[in-house]
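The same chain A turns up in both complexes below, where it pairs with chain B and then with chain C.
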Partner chain A sequence: MILRQLALRQGRRVFIPSASRPWIRFLNTEIERTNITVDNANEANLDYIGSQTDIPIAPIEETGESLVSSSYTMWLNQKKQTAHLGSTLDPHYKPHTLINRPPSPKDVTLELLMASQAHLGHATSLWKPQNQRYIFGIHQGIHIISLDITAAHLRRAAKIVEAVCERGGLVLFVGTREGQDRCVVNAAKLAGGCHLFERWIPGSITNGQQILGRCKMKVVDDLGNEIEGYEEQLIDRATLKPDLVVCMNPLENYVLLHECGLNAIPTIGIIDTDADPTWVTYPIPANDDSLRCVNLIAGVLGRAGEEGQKKRQAAALKAGFTGPSPNRKAGDAS
Partner chain B sequence: MRAAWLPTKFGLGSQLLPLWVPFSQQTSRHPYSSLLRAIRYSRRGTIIESRQFVTSLTRRGIAAPEICFEPKDSQKGIPGHARVVPASPSYFTGKPEFTDNLLFLQDLLRKYQTLPVVQPGQAPRVAWKTLAQYRLVVGEPVKASKYHKIVLLLQRLNHIHPSLLPEDVKSAIAPYKRDVNPHENVPNQRTVDRFGRVIGVGRRKSSTARVWLVEGDGEVLINGKPLVGVFPRVHDRESAIWALKATGRIDKYNVWALVEGGGTTGQAEALTLGVARALLVHEPSLKPALRRAGCVTRDPRRVERKKPGKLKARKMPAWVKR
Partner chain C sequence: MGRYDLRPLRVHQTASQLLQTGRIKTPPPWYDVVAAIPPTQASVRTLPIEQHDRKTSGSKAKATKKPSKMFQPQKILYKEDALRRQFFGDHPWELARPRVVLENDGKDGKACDWSRISQPGRRLDGESVVQRQLWLMENVLEISPTEAYDQARHEFYALRYQEDVERRVAKEEALSTGAYFGKTHLEVGMELEDKTWEVWKEWALRESAAQQQKRASAYTGLERESEDANVVNPIDPIVGPELEELAEGEGPPVAS
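And then the complex of A and B:
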């Protein structure tokens, strides 16, 4: 008698769908024989899955196309069956969560900032002395940014973004380095603003008509619903300028920040130890070379903008604004 | 006279001014005359508008005013806080439609990244819109390298296994396809017609030959004339029926051909190709033999154009001392 297992391992228990499972198998003296070959492997798999689940599986035809789709369905099924198996991992870094579910300003902690490598500056020889007040010390030849100042400045910036969004301002999120596109696009989506992840075209603010003249605009009401009927007025209207610019990499965007300065547009920027903090209105001293840190900051500011939009909508609803009636056109005073 | 008072928005201490100023007293000796001159009065003495006393020199709309949702009496029914916003979040890229397209396709690919794909090269052949066609659609100056990103995404989406291709991917891909797919444009198969004829068309240099080949006993008529009457050179005569000669079929077929354009060599070798193509319909198994005889491939060479600074296409002018 061959007894391979006297007790069930924990992982195996979950495979048992019902009591009808043959317990005798574990007390069996003979080895189970299967006649699975390369030709009937797929059918055998399907049989096995069919015996394991209640979900009926469509019989496969012998054509190649349906074979692919049925194998895929089978794989999905297997994944579903075995998803809860295995060990439980401790909380760990999942890069996509910073994009998909970014933390809100109140979740920002020094631990989170440190885990995101926000404290790492540049080699001491590369520093800009204006950043002295943001620097905590020197470690292994690089400047360490003081995270309490980072957190404070990040919260301040979040408040600014929130307030601008609450008052219906246009926030532009800029991150032109490689890999910053997703966080920038997502932050703009949350805050109801604009995004820029490729080169800033010089003159988009100071010479807007030439560069953004063909880009379309629309008229919206307090709830953000588009109002029809203003198309003719929009044709010869001046191009839009952002009310607030959030820049993830000020080093590469000097022209943008300069144009904002010329037009009295406030700017928020991540200032590393080698960047000039006077280029932006509201600096956030942090590491701009770490994508994780940039994702975090963009996510927090995007959440702040989302909060501002919510407040704006709530205020409009509270005041009894339900949107213009659908059949009224612009210019009707009745 | 109606009373007029300065609203506080003029910001210059309106409480210092008299509450109302009779229209008749508007003289230059009035203590506030310099101030009042800036105000335009209508005929009836009411203030219309003045912009001179705006204290803020900064651009309007930077610091947006507090929201007041109570509509004014005159504005009942008009959307009170209509704002002008960009139609697309990609407004500041200068190419909003292109950027939106790119982001949409990227999102779609991220959504369906785990679907099985076909082997490289096994996907259905699709002709994507050319750069010029795409530019016409979006109306934006898109660079070739940027459009290439879209094409790469489309190719990846096209490689999703056809049996699992989701509907939204199908509809997303469709606008990028060219209206006419050149890969579906396959030439019709030539067949023997009811009179036993096969037409073959051959071209060489600027000549075109249409050849009707029927089973027969070796008669050749080109433009209604026998071979000797058309081609005085023996080499050209041999070329014209080289396909038949190389396969030993001279006495098995009759040739009736129309040939036009070009010179004698071009016409003769156009006939070679035409005869070979017609012969291949009668006897497809002759293809290797015909290829060895050099009758299957179209010779693409044309007259090379003349260039400036040269006498012909490549001939340099003779060297002259001074």
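And then the complex of A and C:
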């Protein structure tokens, strides 16, 4: 807020036409030539810095709307003059795009997976031999995961997430390692599901009544809006269980995956060369230690969930769903 | 944990059984999905991807047919590995330079044209020498690996020398426009050593005085002047037998 005010004040000072300080001088990067030697270099530096901050304020002639519009015109002019200046950056890796604008499953290429370090496994002595079919070879003492196998498994997992979301299933995204919270929250938001980035409390599924019994439950319509009037029915209802669990670090979440197995809940997980692939229903052989790789996979699965949600809502609207009627009560057959 | 638990792979069968027996009334939302897209085969060994030919005859041939060896992943070999070993063996301090292993889109290597050793947007490195040498070996007719290596590394040396000149000139420019630099790491190291030396000297003085007293008190009765004459001046503890006696006692204190 303070910055904005400062800029506006600066802007007003800058763009008021005054003979004493023409605007072209602001583009001039040359310093004023003075006799600078090694001895008086420090003082010369300080004097120069001091001279730049004391910008003289010209008396303001225009007021109100005409001032704003003239300032805006000058600003547009300035932009036009300076747009061609500066350097253009080549396309490069921007970490935040994996969270804010994640790629969709059809944008996943082997080059993208390699740049995200998805092929780097663990030391050869630490492997699980069950993972042998996912490994491309050995290089510099570590196993290299085969990226076409990774891509195939990732696309399969994405189809599962999309289809489950299309049928209104609840997807739980789990990532309990440090730094995995952002991607997991974002993926859950896109897919309309739930997220977990702190420790999984053992028994949340098998002993859900005890651990999650106090959590609020609500009934929503096809577009996600809450429907009132179901409070009495929800009292006796068992706690919700997820319909699909996506885990970014299965090695640390054995209890969660075991509970899902006991309750017949399908799971998706990133399986490194030292992880057991039988712990999850749909393994994605990839590097779970690289945050870039985890962000990519979570983003892709989130996007797939988003697609599923869109399809579901489109189908609901097509079938003539326009939302609950205003006088609807719970228990009404409609 | 324990033996194989294949329940995650059998979620669909479990759900089918629950439906059949009436434990659940309606199928879960994922039921049709998992039926249509089943999990992939797990825990089955396949023949590994061939990186190089396995021996079919000779002493190692039997090993390639044993199940314990047949399914092992193979080592990935590159032509550049030998060249890297040679370059970094000859220039070990190049390994101390920081290396950026971040890639942009995975196609970074395709943008490089190794007809020149310096690439825009890519740091000059031992890897540049190796790639340049490989390019010369493949594109220049009748050039031996040694000649290619010599040419590549001389181009590399010229560019490194240029970098050194730039660094030196930058420092001179900075000094002339008013920058001042702190102590170099060598000066800091010398100061730390001096500090440690002073601490050690204090300890040594105290130890030598204590040893002298111990020796003096060992003789009960008359103390002869000639005994003291054998004792070395404690102010100069390095010279003389003091050094061995100091080793018997506790070690000198370390300056923190």
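The criterion applied here is as follows: the second predicted complex is superposed on the first by the 247 of 334 C-alpha atoms of A that agree within 3 Å, B and C clash if a C-alpha of one lies under 4 Å from a C-alpha of the other, contacts with A are read in each partner's own complex, and residues count from 1 in each chain.
Just so it is clear, a residue touches a chain if its C-beta (ideal position, glycine included) is under 8 Å from a C-beta of that chain, and two chains touch if they have at least 3 such contacts.
Source: prediction; values computed, not measured.
When the shared chain is aligned, no partner comes close enough to touch A:I235: not chain B, not chain C. Legend: residue contacts after superposition of the two complexes on their common chain; A:E198 is shown touching chain B, with no touch to chain C. Shared-chain residue A:A188: touches chain B; no touch with chain C.
In the superposed model, A:V280 makes contact with chain C only, not with chain B.
Of the two partner chains, chain B and chain C are each touched by A:V164.
By the document's definition of touching, of the two partners only chain C reaches A:I144; chain B does not.
By the document's definition of touching, neither partner reaches A:A83: not chain B, not chain C.
In the superposition on chain A, A:I265 makes contact with both chain B and chain C.
Comparing the two complexes, residues 164, 167-169, 243, 264-266 of chain A contact chain B in one case and chain C in the other. Interface residues of chain B facing chain A in the complex, by the touch rule stated above, are 58-59, 61-62, 64-67, 69-70, 77-94, 96, 99, 103, 115-116, 139-140, 161-164. Chain contact summary for the complex, chain C toward chain A: residues 1, 4-9, 11, 14-15, 18, 28-30, 32-34, 36-37, 39-40, 42-46, 48-49, 51, 71-76, 102-108, 121, 175-179.
By the touch rule above, chain A contacts chain B in their complex via residues 65-66, 68-69, 71-72, 164, 166-170, 172, 185, 188-189, 193-196, 198, 200-201, 204, 211-212, 214-222, 227, 230, 234, 237, 240-243, 263-266, 312, 315-316, 318-321, 324, 328, 332-334.
Chain A meets chain C in the complex at residues 36, 38, 41-42, 44-45, 90-93, 109-115, 129-130, 132-133, 135-139, 143-144, 146, 153, 156, 159-160, 163-164, 167-169, 243-244, 254, 257-258, 260-262, 264-267, 277-283.
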